[in-house]
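Two complexes come next, and they have one chain in common, subunit A, joined by subunit B in the first and subunit C in the second.
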Partner chain A sequence: MNKFRTIIKYEWLNFRADKGLLLITLLTLITGLYGIYYGTTEISRQRQHLANLSKITAHDVENMKVQFPGEADAGDVGYYHSTFAVNHPDSWASLSLGQRDINPYYIKLRLLNLQSQLYDSDNINPLKVFTGNFDLAFVLIYLFPLFIIGLSFNVFSIEKEQGTLPLLLSQPINLSLIVAAKLSFRAFIVLGLAVLLSLTGMFWAQVVPDSRIVLWLGAIVLYCLFWFAVIFLVAALQKSSAFNAITLLGIWLLLTMVIPALLNVYVALKKPVPQALALTIKQREVVHGGWDKPKEETMNKFFSLYPQWRDTTQIKERFVWRWYYAFQHLGDVAVADLAKDYQNRLKERQQLVENLNVLSVPVNVQGMLNALTGTDLLAHLAFMQSATRYHDALREFYYPFLFNQVAFTHNDYAKEPQHSFTSTPQISLVWSGYYKLALSFLFTFIVGLFIFKIRFLNLK
Partner chain B sequence: MVKSIAQKEFLSALRDARFLALSVIVLLLLLAATVVGLHSYYTLQHEREMAQEEVNHHFANSADRHPHRMAHYGSFAFRPKSSLSFLDFGLDSFTGTSLFLEAHKQNSSNFSQAQQSSSLIRFGEMTVAFILQMLIPLLIIFLCYGAFTQEKETGTLQLMLSQGVSLRQISWAKVAGYSQIVALVVAPALFLVSLLLFSQSGFNLNADLLLRLLLFIGAYLVYFFIFIVLSVVVSALNKRSSTALISLLGIWILSCIILPKAAANLGANLYTTPTKAQLDADVHDEVAQSINGHNSADERAAAFKKQLLVKYGVGSLEQLPVNADGLVMAASEAQSSQVYQKHFNRLTGIFQKQNRIAEYLGLLNPYLAVRHFSMSMAGSDFAHYVHYQKVAEKYRYNLAQTLNHIQATQVKYQDKTTRLSNATWKQIPPFRYSSPGVGWALKNQINSIIALLFWLFLVVVTGFKLIDKTKIV
Partner chain C sequence: MEFVLEAKHLRKEYQDKLALKGLDLQIKPGEIFCLLGQNGAGKSTTINLFLGFIQPTSGAAFINGLEVTRNITKVKEFLAYIPENVMLYPNLTGLENLALFSSLAGYDYQEAEITDYLVRAGLPADAVKRRVSGYSKGMRQKVGIAIAVAKHAKVLLLDEPTSGLDPKASNEFSELLLQLSAQGTAIFMATHDIFRAKEVGTRVGIMREGELVDVLGTTDLNANELEKLYLNYMH
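The block that comes next holds the complex of A and B.
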């Protein structure tokens, strides 16, 4: 154990003297801090925007009261007044923004048919979302492997190239011990930095301190260890430093870019999403067709779904709101299957990625972190379902006014249901990710050990 | 001598099994990306064409409707893929594909590919552009990092110089040799791309497309050349191969991974994007100040009607030769769409300011310059997206006004029940979109062209000057 400590000590002296290594460590630290800063500002901006929505709604209600100074027809209110379904970020979202910048985090709703409103997107700069987020997850998943490679690509080859290897071997120490000590030293620095940045991020973002602290740190540590296993494997081949650098960068490129891009193609081929355009076209046809259908036919269809309103007055007028909202809703009913298919197809896509992400550790870990922070596609789909339920609640709130023909007073605005949804983490996904991550690590490490045994025994 | 140096580099690279293996991988990826890109192009294009045809068919064969009902029924603009976008998807996967065009309202463009994907799509897409922008430079680095350091390490540099060739000649010879090799890797794929483009009947081959392709290829050749010279220069400045390699890889990581992301994020932090909710609320408040075609109690509409009576010299609206409802609708549409347009332009302006940071950074980073230029030639950049939105808005406005005109001329005042047959709707031309010409695209590319030329100048003039001063041992 003493020898181990001696090597570590000299590694530390070496490290301290090497300006290049210090520089990349410092760079990693700075990019990590920037990632935390970026993530937290992004999420606090989203929070601010969400808080602003209640002001917009309040302003809208004021406008409504001016437009309808006395009692109003609830039909008019339903048509002109809008409210929001909101998707609050989980307290952890700042650490891994996931798809929160692409999918809208609020949905503006009127009493009209839901399917024409549910998919409206927010103002998004496509170039920005194309380039992606510089959040802590990006730093840990993309840049940390590069940091690890930068620190360790020549961990063993440099001894050969500097001619210090024979010297080392002449000492009465085990070769495995040298390699273990050198890698441990680097792992110590990298893990220290990763844990430090993660804790800083958690503190900065003021996350709810729950079991996810352990889950996050565990995932990060295991991910870094996986990369050290890769380093070990490549070092065990005993090639030149240049070969190692190229090979390691090649592996990084393969795992973080090439394989994910190929998987993406496969998913798109295997699970196309024709439902989106189909449902958008069909819902418009049905809703606008509603104007031309006999009112009785529309109402009977509607009453079969909502028998509680059946005995309300028969419609003789050319236009009446309850008929209007009945065919609006029937538009949703007509595309309910397509809408469900659409959601299911997106879930299938996610599931397919889950099944395939064993091929790329970074994809797996990104999925784990997004699941942990409630920022993935599933979290958004859950929000859409919650928004759908909110729309149901709105309809249930307005229907008595419409069908019993009760006037809508200024006091009634405050009684309108409000919506609030907070993204929830998907812990079960994190666990299945762990399982695969551990497997990847063990596999790489064992292969490395195997090569090491063969090559280094020959060396002696 | 110079020729033989070039030839030596060419041959030794060909004999290097590792380099050959890498080249074959890159070439295979390029071919795969071409095939994948084409397939995805056809799938998406087909899906959108079918959708567009379907809505056009619905419109032309619509049930008998009142013209203003038809204006609310509206139409859709599905964004067609531009022909060359199979080479560079650019922003296409992150922009909406379906835009509902209705009276009184500008809608958002919905259903982007990215919204339908898990976070996997954020890792990047397999396109020809991705390989040309990211992987070929790595291949170049791998090929060239030892250009001078190896000669130094084996002592052959001094030998060569003693033969009477200058450092500059050696450098040029090496650059020439490496360029040939890169050409050998890239040419088959580019040839295939061109061949596919020429042989596919699905593409409307014209001068514009050809010019876009040539400029696309040209920009990448300049980009590769910059990387080759840069690598040779860095190699000359270093004593050891390993340090040259590490420096070059550092440059690659910084310019291809870190800087682009930082630039986009910085832009978004500097210029805040207003939310759609806020923008809609602002539009709503402003539109409320103008004529409302649907509100009979509206004062401005009443004043407008009074003016009409004066203009036509009649006593009541019923006596007008035209339907006042249609005219009020038209006036209201003109005013509201102006408000929408103003806010749309403001939003687009903010996005452009955000994006300009990355454009200017092209001067520091040729990757950003070539990325920007490549998307533009492929017709998948931000400017092309805005162009489509503007064309769609113009169509929406004209459609609404055409229908208002029909209401004004073919339907009586206060008549809400008359329905016109689809013979009327058939006369309205459907939405058609074609990408703007290459000249239009180039106008947005002045920054990236300057950046690429600047870099070319920088590596050729300053780079070689640095080589002249390099220490030989």
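The block that comes next holds the complex of A and C.
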């Protein structure tokens, strides 16, 4: 153990004296801090935006009161007045933004048909989507392996290349101990930096301190160890430093870019998902067709779904709001299967990605961190379901006014349901990711150990 | 124990070459055995077998009575090695390099002791705390010597250690070997330098094509006779 500590001590002295190693460590620290800044800034911006929505709603209510100074028809209110379904970020979201940048985090809703409103989001800057997020998860998952490679690609080969190996091997020390100590030292540096950045990120984002701290740190530590196992495997081949560097960069490129791109293509082909636009168009056709259909036919369809309003009124007028909202809703009902199918296909695609991400450890860990911070696709789908339920609640709130022909007063605005949704972590997905990550680590390490035993036999 | 370094029918074959043909050799404590031979004669192979860097095809090498391949870590407690070209950690100082290797050998010296070893080996005192990247070959060789001396090894294996050293440094090195020998260290030195071998050696072995063809006592003949004999074997 003393010899292990001795090697660690002199590795530290060597590290301290090597300007190149210090520089890449400093650069990694700076990019990590920038990642934390980027994530927290983005989530602060989203939070600010969401906070403004309640002001917009309050302002809208004030405008409605001016527009309708006395009692109003609830149909007018439902048509002109808008409110918002909001997806508040989890306190952890800034550490891994996941899909919060490409999926809407709020939906503007009126009493009209739901489906066209669900997918009526702002345009996304394609360049922004292409470049992705520079959050802490990105730094840890995609840049830390480069840091590990930079620190360790020549962990053993340099002893041969600088000629120190014979002197080292003439000492009474086991070769495995030398390699273990040298890799352990680098692991201390990398893990220390990863844990420091993670804790700084958590502190900066003021996360709710719960079991996720352990899960996050555990995932990051295991992920870094996986890369050290890759380093060990390549070092065990006993090739030159140049070979090691090229091989390791190739593995990085394969795991972080090539395999994810191939998986993306495969999943898109295997589980095609129809565009939400198709669903919206079909619903629009049904809704617009509602104008031309006999009112009785429309209302009978609607009453079959909501028999409680059957005896409330008879429609004789050319236009009444309750008929208008009835065919709006029937538009949603007409595409209910399509909407469900769309959601299911997204879930199936997500499931396929879950099954295949064992092929790319970075993709697996990205999924784990997104699930941990409530920023993955499942969190977004849960928000969409929550928004759907909110729209149902709005209809249930307005229908008594519409069908009982009760006037809508200024006091009723305050009774209108409000929406709030905060994504929750998908802990079961995190655990499933853990198993795969642990398997990847063990497999790589054992293969490395096997090669080490064979290749180093002549270098005792 | 009579012999601290011993080879019994030591043989090393590579796929296309027989590098060592059944070497038998015994070296006592305090003895300096110089092995002469051309490049490729098998001198370095012999040293590498004693160091355990390569496995013998047959036969065995012993250090302090222990069979090398079976006691690979233990035997290194008893031996020190100075290669032809001592390479050290360039980012560390001479002092740190010696401290590292001594510590690995089980000796944790104070800074003053380490400095003393380095200066005694001939390293200028002002170079002790300078990074090795700025050292000449001769300075590195002296650190190598200090590493070997500080280890208090029973056996010293030297692979052409004076190669590239200037005559003064080479002479100082010879004196150091004689001191170590007087203290009971057995020294096995592979060299091309016939005169150095005659000067410091107790016995001189001549190796040709992996075979130890002759072993002579250095008191039996002078340097010129040794050279003639050596050249005869080489032709």
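Rule of thumb we're sticking to: the second predicted complex is superposed on the first by the 456 of 460 C-alpha atoms of A that agree within 3 Å, B and C clash if a C-alpha of one lies under 4 Å from a C-alpha of the other, contacts with A are read in each partner's own complex, and residues count from 1 in each chain.
In the analysis below, contacts are C-beta pairs under 8 Å (C-beta built on N, C-alpha and C of every residue); 3 or more make two chains touch, one makes a residue touch a chain.
Only a predicted model underlies this, so the values are computations on that prediction, with no experimental measurement involved.
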Check subunit A with both subunit B and subunit C modelled on it and let me know: fit or clash. fit
When the two structures are overlaid on chain A, which partner does A:258 contact: first (subunit B), second (subunit C), both, or neither? first
Which partner does A:41 contact after superposing on A: first (subunit B), second (subunit C), both, neither? first
For A:120, using the defined touch cut-off, is the partner it touches subunit B, subunit C, both, or neither? Pick first, second, both or neither. first
Should A:291 be classified as contacting the first partner (subunit B), the second (subunit C), both, or neither? first
More subunit A residues in contact - subunit B or subunit C: B
After fitting on chain A, the minimum C-alpha spacing between subunit B and subunit C in angstrom comes out at 15
What does subunit C use to touch subunit A in their complex? 51-55, 69, 72-77, 79-81, 83, 85-92, 96, 100-101, 103-106, 131, 144, 147, 157
Can you name the residues of subunit B that touch subunit A in the complex? 18, 22, 29, 36, 39-40, 43, 47-48, 51, 54-55, 58, 63-65, 69, 72-74, 76, 78, 90-91, 93-98, 100, 107-126, 130, 134-135, 138, 142, 145-146, 241-242, 245-246, 249, 253, 257-258, 260-265, 267-269, 272-281, 284-285, 288, 347, 351, 354-355, 358, 382, 385, 416-417
Of all residues in subunit A, which touch subunit B in the complex? 20, 31, 34, 38, 41, 45, 49, 52-53, 56, 59-60, 63, 84, 98-99, 102-104, 106, 108, 116, 119-134, 138, 142-143, 146, 150, 154, 161, 240-243, 245-246, 249-250, 253, 256-258, 260-265, 267-269, 272-274, 276-278, 280-281, 284-285, 288-289, 291-292, 318, 346, 349-350, 353, 362-363, 366-367, 370, 376-377
Interface residues, subunit A side, partner subunit C - complex: 2-3, 6-7, 10, 13-14, 17-18, 162-164, 166-174, 458-460
